[in-house]
Amino acid sequence: MRNVALKLGCTLIEDAFAEAFPMVFSRLIVTALDDHWLQAAVREMTGYSSSVIACDLECGVEEWLTPDRTPDGRPGASLLAFGFSAKSLEAAIPNRAGQCIMTCPTTALYDGLPMASRRIALGKHLRYFGDGFQKAKRLGGRRFWRVPVMDGEFIVDDRAGIESGVGGGNILIQAVGLHEALHAARRAICVLDSLPGVITPFPGGVARSGSKVGSRYPKLKASTADAYCPTLRGRTETRIAERAECVLEIVIDGQNEATVGHAMRVAAIAAAGDGVVALSAGNYGGKLGKFHFHLHELLRSS
Amino acid sequence: MRNVALKLGCTLIEDAFAEAFPMVFSRLIVTALDDHWLQAAVREMTGYSSSVIACDLECGVEEWLTPDRTPDGRPGASLLAFGFSAKSLEAAIPNRAGQCIMTCPTTALYDGLPMASRRIALGKHLRYFGDGFQKAKRLGGRRFWRVPVMDGEFIVDDRAGIESGVGGGNILIQAVGLHEALHAARRAICVLDSLPGVITPFPGGVARSGSKVGSRYPKLKASTADAYCPTLRGRTETRIAERAECVLEIVIDGQNEATVGHAMRVAAIAAAGDGVVALSAGNYGGKLGKFHFHLHELLRSS
Amino acid sequence: MRNVALKLGCTLIEDAFAEAFPMVFSRLIVTALDDHWLQAAVREMTGYSSSVIACDLECGVEEWLTPDRTPDGRPGASLLAFGFSAKSLEAAIPNRAGQCIMTCPTTALYDGLPMASRRIALGKHLRYFGDGFQKAKRLGGRRFWRVPVMDGEFIVDDRAGIESGVGGGNILIQAVGLHEALHAARRAICVLDSLPGVITPFPGGVARSGSKVGSRYPKLKASTADAYCPTLRGRTETRIAERAECVLEIVIDGQNEATVGHAMRVAAIAAAGDGVVALSAGNYGGKLGKFHFHLHELLRSS
Amino acid sequence: MRNVALKLGCTLIEDAFAEAFPMVFSRLIVTALDDHWLQAAVREMTGYSSSVIACDLECGVEEWLTPDRTPDGRPGASLLAFGFSAKSLEAAIPNRAGQCIMTCPTTALYDGLPMASRRIALGKHLRYFGDGFQKAKRLGGRRFWRVPVMDGEFIVDDRAGIESGVGGGNILIQAVGLHEALHAARRAICVLDSLPGVITPFPGGVARSGSKVGSRYPKLKASTADAYCPTLRGRTETRIAERAECVLEIVIDGQNEATVGHAMRVAAIAAAGDGVVALSAGNYGGKLGKFHFHLHELLRSS
């Protein structure tokens, strides 16, 4: 029967859908001598990358890799970088990599999509930093560059594969208070942290400044999602569930529709719990984004 | 006598100078409910900001602030953001803050240079995200904005002060091996971490891809500092000290000449030690940068 | 119907029960000036406390507390410490607190069970360190001690409440490989991290050296759970699920039976997933421990 | 001339000595699959080990080891564990290792003093946990045990070397306020972190509850160092420097007298600075401890 409320424990699952968009992405494998320098490189590379609305790409850690799972047997991380086009990725990735990875002691940078047919320049651009002293190296059909730097050589793949992906999957956590919302969000994030194929690009994985399309200022294309702002309850048409006093959003970019849907599902299951009144999802009416993820479909199929 | 070698323990201090540049900077105070979200915001805000050569600004943590030292009694961080002009800061800072701080649960953002006479827009721009629901608030002669977001309100100063500073102070650590160089660099960074008035914008505070001006490729304005690349020893005129096999650079931006000089001095003292053959400093011949920091002067005055 | 297999996604839930024991516990609230010193104190206090088989108590972080939730408005942590008797807690807790909390800069230590009728000495013992200079202080019906130390005063509750609890709830994660088992365990631990009323006392929350009662050496009361050791598959009667090659255990101590059962349930839901063949639970035949947690009951009631 | 004040910048170096004691120590190398589990094991193993006054040993991280520096090519840590006798180490170390390392997923445990002629049992005791399924393994003249556990095998050296060391080297930081003292202490600790041959066993490396021998309570052998408690200035014969309002102690255990002296020296250099009025050292009159480290001698020889 359609009208029976769907619940995860005490948490209501609203009959809502997340609206997501076609994007392209690259997977970059960063390695370093030890965890200290790996973290330093990853922190630099994944900063200022929460949303392509105003950042050059959306970038985050897909997985931390133990040494047995990296190309050079060192600790590593798999990063996913999403953009709206191959062109935007080709502009952003080599520049970021040059500033954030090449600069960082002991790091190397590998293509994480070697089988992808679409490819952008990576080392192909960065190698010029070597001022003619760089050397090409062929290994297993792949071309690498060895760029001389002050701690030795920076190893980087000539090119990086890109593939089609999905950006903007999301869930909205509505809780009785800030404390409960933050706990629920952190539960969801830590479950997503080990899930391959997805990233959560916002700070700590969470966005609190949800947005709607448009604003009363002509120049501004997006503005606060007033319907989800608890302080605006009396001044705007609210969509906040009764008893909820705080809303947080988890935005998920992933390698395909199935992965994003699965991630939304496990995030919802982890986020539900005491003090979480309802889970919802954000959309723009359904006309902007090609992908629609209905919470009820995701959670009924479990 | 001029020619007596200057040493810190077993480490030779070369008679070299760092060449640094006039920059402008802003100090931003970020606070959050707890350390988890503070770190999330700071990580996002200070990423992709190692060098203004290819980043929109150079940004890092000046100091972590205990709750008794922040405007709202919460844990905080003081960030310094350096650019080449007020204009570049005014373009970069509100955009970054909107993507990295405003989005992050529980954060607030304050001007850390309230006495500065030169000021750029901060909340003045960001407030529009509130879509008309934002409210101005005056407190102690300062104007703040309260922008409604999904976890409550984002508090942000209307404007941020800017001041003249110095970018590009540096020391070069030359060690017998990678291991020794990394240890020396980490000692220097951790001493700099608690020093007010300076940041070290590179990943983990350290740059391994030192550069020289120009390259053999006409389009590229900077390329690898081949004179400091150990793998190029036989192929270029090296400046690496005998017995050294690894070089790392610590780049320091600071609020004025005295602060940068002091920071170079304490960094040098911390970096010197077993396995560190020599300390040097990087310059471009002295004609590009207005500030010259001579290692011998800095270390003899101690 | 009894014989239909219970599954969470692709993960089989074995029809097994965890056998747990009556214990007593205390809740201690540690606060510090900032997160750095809070972490330092908590790390010291919660080390060497994985199992009362050979440690003086089982101790872990129940929750990290934001400043608005602690007695003195500083960042804090709620610790739970479990022992077999009030007497063992009264021996272990003041000694640990004196070595691990009182020594740590800026900390204070509060009773987290002020309503409990059974109470042990806390500051009542520690105060003597003050050598007569300590001062009693009454606040809201509670008695505190102000012990003079080199950074000011150490504030500590005179007594700490104790209550009956449950130790030894557990789930066994059986995965196709080490990698999958570790990921599943970390998912479970991070969901448990925000759950009030429970701790997971083993390193990182996880035990890999599961034990059985007794051994072939008369003096040794416990030995490796050979039935769950993958390398012993051919040499002992194994209980490892087919296709599983790695087993990890999550041990849960909690404030009562309901809380431990709930925690086992959410841990199981978080741990299930790709590569996790089966979830089970550990017991000693059912005659040793008073509490039996049947996985099927816990997971069917959801 | 003897009476000229010795200063490091603005910080007075008092003419004081640290009184330290003969101890014995063992070096243990812990490795794990990745940094996450390494940290988990080290945290468990090095907790509750600040002082042998009331802990079974004093244990801390000597160095973090990159994979190229460990016996099995995995990330590792070198731990030093100090006790008053070989007997106390042989009682404490296997018990701790069994609870804190053997239990922790993916870890292995190696003797870090293989050339030492004095040796205690390590795997020799722990192997019995294997219940007869354990296997001996000889490699390069060393005997290891392979103990079957649920994630595979726990590899552990049969024995661990022990050597004579020095416990209780220290400096006392006297600053104008808590903030300045904490910063100075953290500078010192981070420089000591990369120094081989020493540990700083207190929480975060720092002790704020300095003690004197004896108390007015007959049973208590040690009590607060009232001479260094700022709140007792008017009530006791203070030794706190004028203008200082906060004192913190850094206690250093090391492998021999030279190493401890060197560590005290680099700690003093790092701690000195603005807001640090004076550096001193703690002793018991000089009759209890065999080793006397005079600050002036350490710092004049630089």
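First chain written, first letter: the chains are A, B, C and D, and each begins at residue 1.
Rule of thumb we're sticking to: a contact is a pair of C-beta atoms (placed from the backbone, for glycine too) under 8 Å apart; a residue touches a chain by one contact, two chains touch by 3 or more.
Here the structure is a predicted model, which means the values were calculated and not measured.
A centroid comparison over C-alpha atoms places B as the chain most distant from chain C. Counting C-beta pairs in contact across B-C and across C-D shows that the higher total falls to C-D.
Taking the mean of the C-alpha atoms as each chain's centre, chain B and chain D sit 33 Å apart.
Chain B and chain C have Cα centroids separated by 42 Å. Each chain gets one centre point, the mean of its Cα atoms, and the points for chain C and chain D are 27 Å apart.
Within chain A, contacts with two or more other chains are made by residues 33, 36, 66, 186.
Within the complex formed with chain A, the chain B residues making contact are 33, 36-37, 39-41, 43-51, 53-55, 95-96, 98-106, 128-133, 147-154, 178, 181-182, 185-186, 202-212, 215-217, 220, 222-226, 228-232, 235-236, 246-249.
Of all residues in chain C, only 33-36, 64, 66-68, 73-75 touch chain B in the complex they form.
Chain contact summary for the complex, chain D toward chain B: residues 9, 66, 69, 179, 183, 186-187, 190-191, 193-194, 266, 269-270, 273, 302.
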